[in-house]
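In the two complexes below, chain A is the common chain; its partner is chain B in one and chain C in the other.
Entry: the complex of A and B
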């Protein structure tokens, strides 16, 4: 007999079923269909042509691998920057914390396109950074790699996703009993070992939450690489968009979307498992 | 007497019948108080369509399109039931015809067709396999190479877009159809064959595009994006639309090149969905006729800098205006290429994905 809390969850479960599982099932089915390009009709059936194209053409495994790499790099960079930032926020007087929270989230209030064009103004040939470098005679010509390169994509994604990681880590740190860290320091641990052996394991759930959010958002971002990555801005998502919209090749789009989704789920699961394993070690240290 | 009465009665019946018929026609006409036109926002400012309401009493309600693909999908899936007139691009009209989402037009109800320029009037791209006409091109323009005049000593050609001398200053559109076709023209494929390239030619075009990648500053996504790239000195030459030229010509020395190898044209068509109810068909045809008439042509030339496919007002325009809308020298129409989605478009898309990922 389900209790009342389980009953309350029913609408959400139904929504998930209808909103996620049903479309995915449709994608699976369509991925085996073909297209009659003369009549622009999807032809039901069972064929493997789309799957052969996606798994056999090295372009698509490359693009999917690139999505995983983008997610992994952004997650690592935001975690590295997020911990010092969250630790600083933790030490703020209480009345300043709400101000800090608003400031932390401010970039998210602007739209993605606004941020993208702002990056162009900052990093462009005539942009702020190049003007400054040239004004100080540090460079003779504008640094072109600052804009429209993998560096730009990585920087913009790092900036976009940092609030998500910092917020998750901040919440985890707020729940951390700082006396444990102090005890480690009293027993002779230097700051870095104390962080690695006490703080990191005890905030691993926060790190995991932040990492999953950042990984999903950055691996699934299409606009930032498209508008800032220049010739290197190709993404699996843009290919899916092309197949669905422009080419009316829904079976290939479905096969690519499903392969990307499965790969990202497996990568995210491995990432989460790896981070949560960190949490097993502090118990022994604490005892 | 009785015969006279009969004649009177007969006459009265005829008059009554005609009157009743006329009244019912009036009612049918009055019933079409509004037509919904699915089109691009730039084709349908209120000033462009208001005269049609004054002329016929039928108001034009606008439903703006987000993309050609979305329009096709809406018609195909039946999600566009409220659209009375639609706007397929000339290059893709065939797929609308093949998908049977348009109804054949009654050309006798569109007398302004007589004023159309021959390349538009005679195009077979709007004719179905049954010989019937399903769409009429009404508006057109060119997609030129836009460039900075101060950076190029000669007018650019498609070869300029592949020239390492201009590394880091060039841009191509992130769009398989046009970019692969430009590469086709660059490797020497004739313009009338470029959208039906063989596999070997496609492979050559792909090689050229991969070699071009390091020369590009970026692939532009939207025309606003490209205008911004010109304005901020990121790009000095690009396969483009005319928008950056118009937007920046007062601030920067902008040029517009129309390569002789072939000029990409675009043309929007008037068409009627297959599902349009019979009582609206006559009004829809009247609107098609309006789009080829003088009021629409004058308004869109004056405000939007676009030319219709009709020559009805050409001789009344100043030379500057004719030049602005590309009708000063009609020989330009000899170099037209109408981008056509190739039958193996999915293969083109795959090549484009490979180029982008290379």
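Entry: the complex of A and C
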């Protein structure tokens, strides 16, 4: 007899089907089509031209690799900054924690474009940082690398994604029994070894959650590199946008989108597996 | 205890105080811990005994006062630099490491620790856990976890082992069993133990010295027999051993004896401190200071409650408005009046 509870899984199955599997299938199908540029029409069929373009032209693997690198760098930076930040939030008195939570999430309320223009004001040639440095006579000419460089992209993405990482680590640390850290210190571990051998493994699930969120958000970000990266701001996403829009080359757009997606999924899976390994061998279930 | 050599002072506290803004949790405490001594901090919950342990361990900084090890102040030393290890109340075993890695933890942090595997094996054998090296903490019973925690702490070869109510989460039989093991282990290792508990039976079973604490202060320190027989205050008398306290005043006194008049009558008993005539005082009556059924100077007492306690009955009776607890071989009927003799030489007079 079929279990009547199985019907409860129906909404999830439908959501997956309509929201993920169906659109992906459409992408796969279109990636094998071609375009009649004279008639401006998509021609159904089975050709490998778009796939040859994406995998053969070194530009696209480069852009995809850059997305992975951007995600990896942002994830590492936010993790390095997120732990000290989350550990200090942990020590706040209870009533200050809700205040800290609101402050932590404030940048997220402002919207990406607003933040991007704010960065321009801060980092531009006549911006806050350069004016300050010039005023203090620390530099003679405005620092050019501050804006429209890979540095700017990395900084802005780090700033944008830090709340997600901090939040995930904070929750994980709140659940960590601090006596375990005390025990490590008691047994002779200085603060850093105690962190590496006890705090880090026991918060690895939180780190993993934060890392996956930050990786996806930063590797998949188009606006920040586009508006702040200057000449270095080209992204696979911008290419996809261009192919789907102006170029009217949906098959190539589909092939690029699928390749990017698959690469990011594999990278994220490797990242997650690596982080979870920090947690050591999972304990077998108690008898 | 007599075979014990005169102990060198290992650790001392002088004016040790800890407060978190409010009234002090530990209030101007002084003590000396001898090398190789088993010292117990005994007191009700919230009396500051665990805070003292945390101060010694280095997890808290004193608000005032000092802790000296071999005469050297160690207050600025973080936990990892103190030759002191702790067995935590919750054991605090690392859940992501198996038993071997837990015990080896302190050895892997230092260089030149020799054969780690051999040392871990020896420590685990000492607590009868040699066959569990590959188990994870969540696969062990409470008693087994406790043993691993002890092995993990002692493998670091501390000068002083701190134990924070290590047996409180275990059932009675396991507790009694592990008490014997701990005491045995302490003798074999020959290192000082500081043990925190609120269980006076446990304190009596284990300790060379008991320090009774109340409201952040050490109210009496001494050998278990001393604490039991000559409680320094009504708090100690009440906390230790279910005494009946009868207030009265001193008729006459010498250096260590006093005659006290109470509602139950006038008794002569050992006393401390030296009392003066007319001073208010309290007569401490242990169950063994009361003998039911004796004729002579017996007080008539009305039986209120009878509790079966195994080898005998614990009886709670009332005489002249005073509640008295004593042991009886046969259970009297509640409401009945029984004659009760007060044995002055087995009682004690302490300050009111």
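As a convention for this text, the second predicted complex is superposed on the first by the 271 of 287 C-alpha atoms of A that agree within 3 Å, B and C clash if a C-alpha of one lies under 4 Å from a C-alpha of the other, contacts with A are read in each partner's own complex, and residues count from 1 in each chain.
Operating definition for what follows: a residue touches a chain if its C-beta (ideal position, glycine included) is under 8 Å from a C-beta of that chain, and two chains touch if they have at least 3 such contacts.
It should be emphasised that the depicted structure is a prediction, and the values quoted were computed from it without experimental measurement.
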See if chain A has more residues touched by chain B or by chain C, and give me that chain. B
Chain B versus chain C as contact partner of A:144, first or second or both or neither: first
Which partner chains sit in contact with A:193 here, chain B, chain C, both or neither? Use first/second/both/neither. second
Could you look at A:182 and tell me whether it touches chain B, chain C, both or neither (first, second, both, neither)? second
Between chain B (first) and chain C (second), which, if any, makes contact with A:53: first, second, both or neither? first
Let me test your reading of the model: by the given contact rule, A:245 touches which partner, first (chain B), second (chain C), both or neither? first
Where chain A meets both chain C and chain B, residue numbers: none
Touching residues (chain side chain A, partner chain B) in the complex: 35, 37-41, 53, 57, 59-60, 62-63, 66, 117, 120-121, 124-127, 144, 147-148, 226-227, 230-231, 233-234, 238-239, 242-243, 245-249, 252
List the residues on chain A that touch chain C in their complex, please. 177, 179-180, 182-190, 193, 197-198, 201-202, 279-281, 283-284, 286-287
For a test of understanding, state which residues of chain C touch chain A in their complex under the given definition. 57-59, 78-80, 84-86, 88, 90, 92-98, 105-106, 109-110, 136-139, 152-153, 156
Can you name the residues of chain B that touch chain A in the complex? 67, 69-70, 72, 76, 95, 98-99, 168, 174, 176-177, 213-214, 216-219, 221, 225, 228, 232-234, 343-346, 348-350, 352-354, 356-357
